[in-house]
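Below: one structure, written as structure tokens.
Letters are used for the chains, namely A, B and C, taken in the order the chains are written, and counting of residues starts over at 1 for each.
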Amino acid sequence: MIVLEKRPQPSKAWSYATPLVAVVATMLFGGILFAILGKNPVEAIGTIFWEPLFGEFAFYYRPQLLVKGAPLVLIAIGLSLGFRAGIWNIGAEGQYIMGAIFGAGAGLAFYPLDAFYIFPIMVIAGAFGGWLWAMIPAFLKVRFGTNEILVSLMLVYVAEQMLASVSLGLLKNPEGFGFPGSRNLQAYDSAHNAELIAGSGMHWGVVTALIAVIFAYVLLNRHMLGFHIRLTGEAPRAAKFAGVNPARLILFCLGVSGALAGLAGMFEVSGPSGVVSIDFNVGYGFTAIIVAFLGRLHPVGILLAGGLMALTYIGGEIAQSQLGLPAAAIQVFQGMLLFFLLAFDLLTNYRIRAARSEVA
Amino acid sequence: MTTPLLSLQGLTKAYPGVVANDQVSFDIGEGEVHALLGENGAGKSTLVKMIYGLVKPDSGTMLLRGQPFAPPEPRAARADGIAMVFQHFSLFDALNVAENIALGMENPPPMGDLASRIREVSETYGLPLDPFRTVGDLSAGERQRVEIIRCLLQDPKLLIMDEPTSVLTPQEVEILFETLNKLRSEGTSILYISHKLEEIRTLCDHATILRLGKNVGECVPAETSARDMAEMMVGSTLQTPERGGREFGDVALDVSGLSVPSPSEFGTALRNVHMTVRKGEVLGIGGVAGNGQDELLGVLSGEIQTTADAIKFNGQPIGKLGPTARRKLGVLTAPEERLGHAAAPDMSLTENALLTGSVREGLESNGFLKWADTKNFAEKIIEAFDVRTPGPENAARSLSGGNLQKFVIGREVLQNPDVLVVNQPTWGVDAAAAASIRQAILDLAAKGTAVICISQDLDELMEISDSFAALNEGRLSAPRPTTGLTVDEIGLMMGGAHGMEVAHV
Amino acid sequence: MDLGEINPVLLVASLMVAATPLLLAAIGELVVEKAGVLNLGVEGMMIVGAISGFAISVETGSPWLGFIAAAIGGAVLSLLFVLLTQVALANQVASGLALTLFGLGFSALLGQSYVGIKPPSMGDIHIPLISDIPVIGPILFQHDPILYVGIALTAAVWATLKYTRVGLILRAVGENHDAAHALGYKVIKIRIMAILFGGACAGLGGAYISLIRVPQWTEGMTAGVGWIALALVVFASWKPWRALLGAYLFGGITVLQLNLQAAGVAIPVEYLAMSPYIITILVLVILSADKSSAPASLGRTFHASH
């Protein structure tokens, strides 16, 4: 019989190894899934992980990695702060949408004025939009003790309706022949989040994501506030004893994650997407939850995990067009990754040991 | 010679890194009150868990009335007439008394019948109890009654009691002993686990002493001196703490008219608490668990805030200050719960040193942490308090209870507090560590720190405190000098028998 | 705009239909939470139930087999939650999210070839005389059988929790798993059973959406009902009959806003569509003050250490 035995302290080695083991297991079971779908598993996995990086059209896909990875990393960094403290913001998708609406709205308000300050204003507006949306669950939790998981999630659906509303109303392109959706910000230079180096995929969102990684790293490892965040997650009573003000921590964690998600939305709408439309959001806010866990809630880990997840997005699209792999298969693949990660995480804190019969 | 009720033969149980029980053998006779005596960590709990079917022995056998006995689970043990009153963890706060009792029975009768049987048994044994009250609202003594009645309803042949008196006032202990004597006279055997020697001498017919998992001796308690038993239990002679000068300075901490509601649902509100502690004085606060101890510590640490004037430090109102601000002033605390409250289990000792040490030890500047200094501070605690650990990078949970407690107390003591409040400083700690912790507290007082020691161990309080007060249902009795206090007086300060006199058998 | 087009009898009858998926999912989750487990994967289990039920009824032509398949589908998905939280001792919040993300993807994958198909109809029950009573008949006695299953399940869960030993043990495990373990109850086994029951109920709720309420299959068609069901358990203070009441309340809001949309009220469609979510938040706010009835071990991981 097999028993679990709690380790005297978490295993360092396993905490690095579990994400890798989870990726391998996901490839294995993903392969089986693809085989069931009638695809050659080796070819499918190869297409997803190899093609975007080293394939024939890698010059096109590599920049896409940055474009897809940046919002994931940006959102996941924010989420990870809260997750570390046991504050569960799972409504990043809504904050992402609100960031896009506020950011685009601020830019379009100036149309067609040409000025250097428009883009910075949009950045602030985007962060503000996401922050504001996250402040709703934060305030309700602090003031009334309302569950932030449910509130932040409900607000995703509300934000989606808001998005539909502004796409059809407030922000609708007056010259769009009645079609829903805003003016294309890519065509409005002062508001366009253009590539910093043409063809590199590097835009302001990528830069911001990297800054966020550094910021989070310093915060968590070198600053009292970061220590308090970790302490609250590990032992809430000890945190209170150490003098942490839980309300302030909730406001900070939700606020930062909201603002970062809002920034991600703003950079997306003013750059790669360009348009506020009903189908603007593609689930980055939810995928970022996987990224955050896959990166073990560690800033550097999240950076790597964001890259990997971007890879599965792009690779998935290639597999979709080349092999006819359904889009949903990639979603399942990503879900599996989170599953295996959580399952193998057991090994960080527990040892598996064969034992003689034992009463559990 | 008659067959013993239960015979243990060579029971051994090993956990990774520790042999909890090593070849333990002894017999419990019919109608005998048998004491199992030992320090914390001696292996008493593991042994009774084997008898109760919660843990399976690695080797060794048990015979119940001569028949092989190896219960695979508690259900089977109960079916064979073994019942157990736990020290912790066995009641359900949100359920009522009858439901709690039903959960401990194999085939409980319908609730109505059960309730009347509860009333019947509780009257027979002088343990009054309302079957429909919610358990979370009961006092510690009443909660224990629930457990005892749960056992008695099964007509047990062997009743196991794990440290039953740790939650009782002296008067309640007397009532419990009467109940147990009545049971013995009816032929029930009792396995009585304790480390309180005087109790065992009054109550028990026979004693088995465990040390580090081994049976190190047996005796007839009434014929053995407490000192001899203590030495068998500990394995060496113990040093009693020495106290320095008894010069008290000005009032350091002044609590007046302090009333706060409990932050938790089944907690106790503090009601109109008054006390003063002078520099160099040790104020001992006794009382049965659950009478407001946690709340009092919370209020003094700043985790629970109150009106500014209710707590004054050197004349300055601090009731509204949080923990960090109080630490800055010099008011330090060490809560009872080591893992999860005083320390974060999965964090390293260095990080745990930072937990309360950041302000006074200057471990941060502008919010940025000085890890090197923090590590030095942690090493200083480990060194000064003889904390057994490979180093400060180890997680708090990897330490034994006693070592972690030394770390937690040491962390506060080394910060040179003006006021130190400790709650249960030696709970679950082996005798040697307990002695060194008490010595550290006394040394601190000798240097002029005002100390408040909240504890349920009356012996400890009598040993180290200059004055004594007791918490009872959130009220604090007026502090009195310790010298000359009798057990009866202490018992009355603790609330007597909580209104149980009427039910005296 | 014509509010006169809204027929109150039909409105009440259809609110019961709208409430049933919520009720089924909430009753299941209520049992899970009573056992001390927080499974945030309700949405994922519902959507998997929705597609399993839909696919099987289309393939077999029997809605009954569809519902059975939905219950099995939901329970199988919840088995993954069991593996994560009860075997691998993973964080319940994260595991629930994983379940939902995985369930949404998996259902989309399964459902690819079922988009745009009409499922076989279950048909409403019709009891002569009683069902024909004006007003009361259409409201109470002219529904599909599963709607009554939902109400029966509520009654059964209520009675089980309140009066039976199984119910008492379940509550005890959710209240204090260490104490239950010390008394010899199999905490993990009891929790696994509760989680599987919750999964089956969520699966039924999902299938009710795809087979009866809508009835067709579209990706992500549960649209947050699973999350509202979680809120409903809080709203109900873990009491089955209050869950029923809450489900009807939410059902009423949903149906009313749909009717208002159809009637062309001056409020923009998007604002009406977001109303159920906003009202859920409001209800949570009002009720979050009282957490006293929450099971004390809710969401805590149990590992028997000696």
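FYI, contacts are C-beta pairs under 8 Å (C-beta built on N, C-alpha and C of every residue); 3 or more make two chains touch, one makes a residue touch a chain.
Every value quoted in this text rests on a predicted model; they were computed, and no experiment measured them.
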Highest C-beta pair count, chain pair: A-C
Relative to subunit A, chain with the most remote C-alpha centre: B
Intercentroid distance (Cα basis), subunit B paired with subunit A, Å: 47
Subunit A and subunit C: spacing of chain centres that average the CA atoms, whole Å: 28
For subunit B paired with subunit C, centre-to-centre distance based on mean C-alpha positions, whole Å: 45
Touching two or more other chains - residues of subunit A: none
For subunit B, residues that touch 2 or more chains besides their own: 53-55, 73
Residues on subunit A engaged by subunit B in the complex (per definition of touch): 5, 8-10, 222-225, 227, 230-231, 234-235, 237-243, 245, 356-359
Footprint of subunit B on subunit C - complex, ascending: 165, 168-169, 171-172, 175-176, 178-180, 182-185, 292, 295-296, 306
In the complex, subunit B residues that touch subunit A: 16, 53-56, 58, 72-73, 301-303, 322-325, 327, 333, 335, 337, 339-347, 351, 354-356, 358, 364, 367-369, 394-395, 397-398
Touch list for subunit B against partner subunit C, complex: 15, 46, 49, 53-55, 73-75, 78, 86, 89-95, 99, 102-104, 108, 265
Of all residues in subunit C, those that touch subunit A in their complex: 40, 80, 83-84, 88-91, 93-95, 97-98, 101-106, 108-109, 112, 186, 188, 219, 223-224, 227-228, 230-231, 234, 268, 270-271, 273-274, 277-278, 280-281, 284-285, 288-289, 291, 303-305
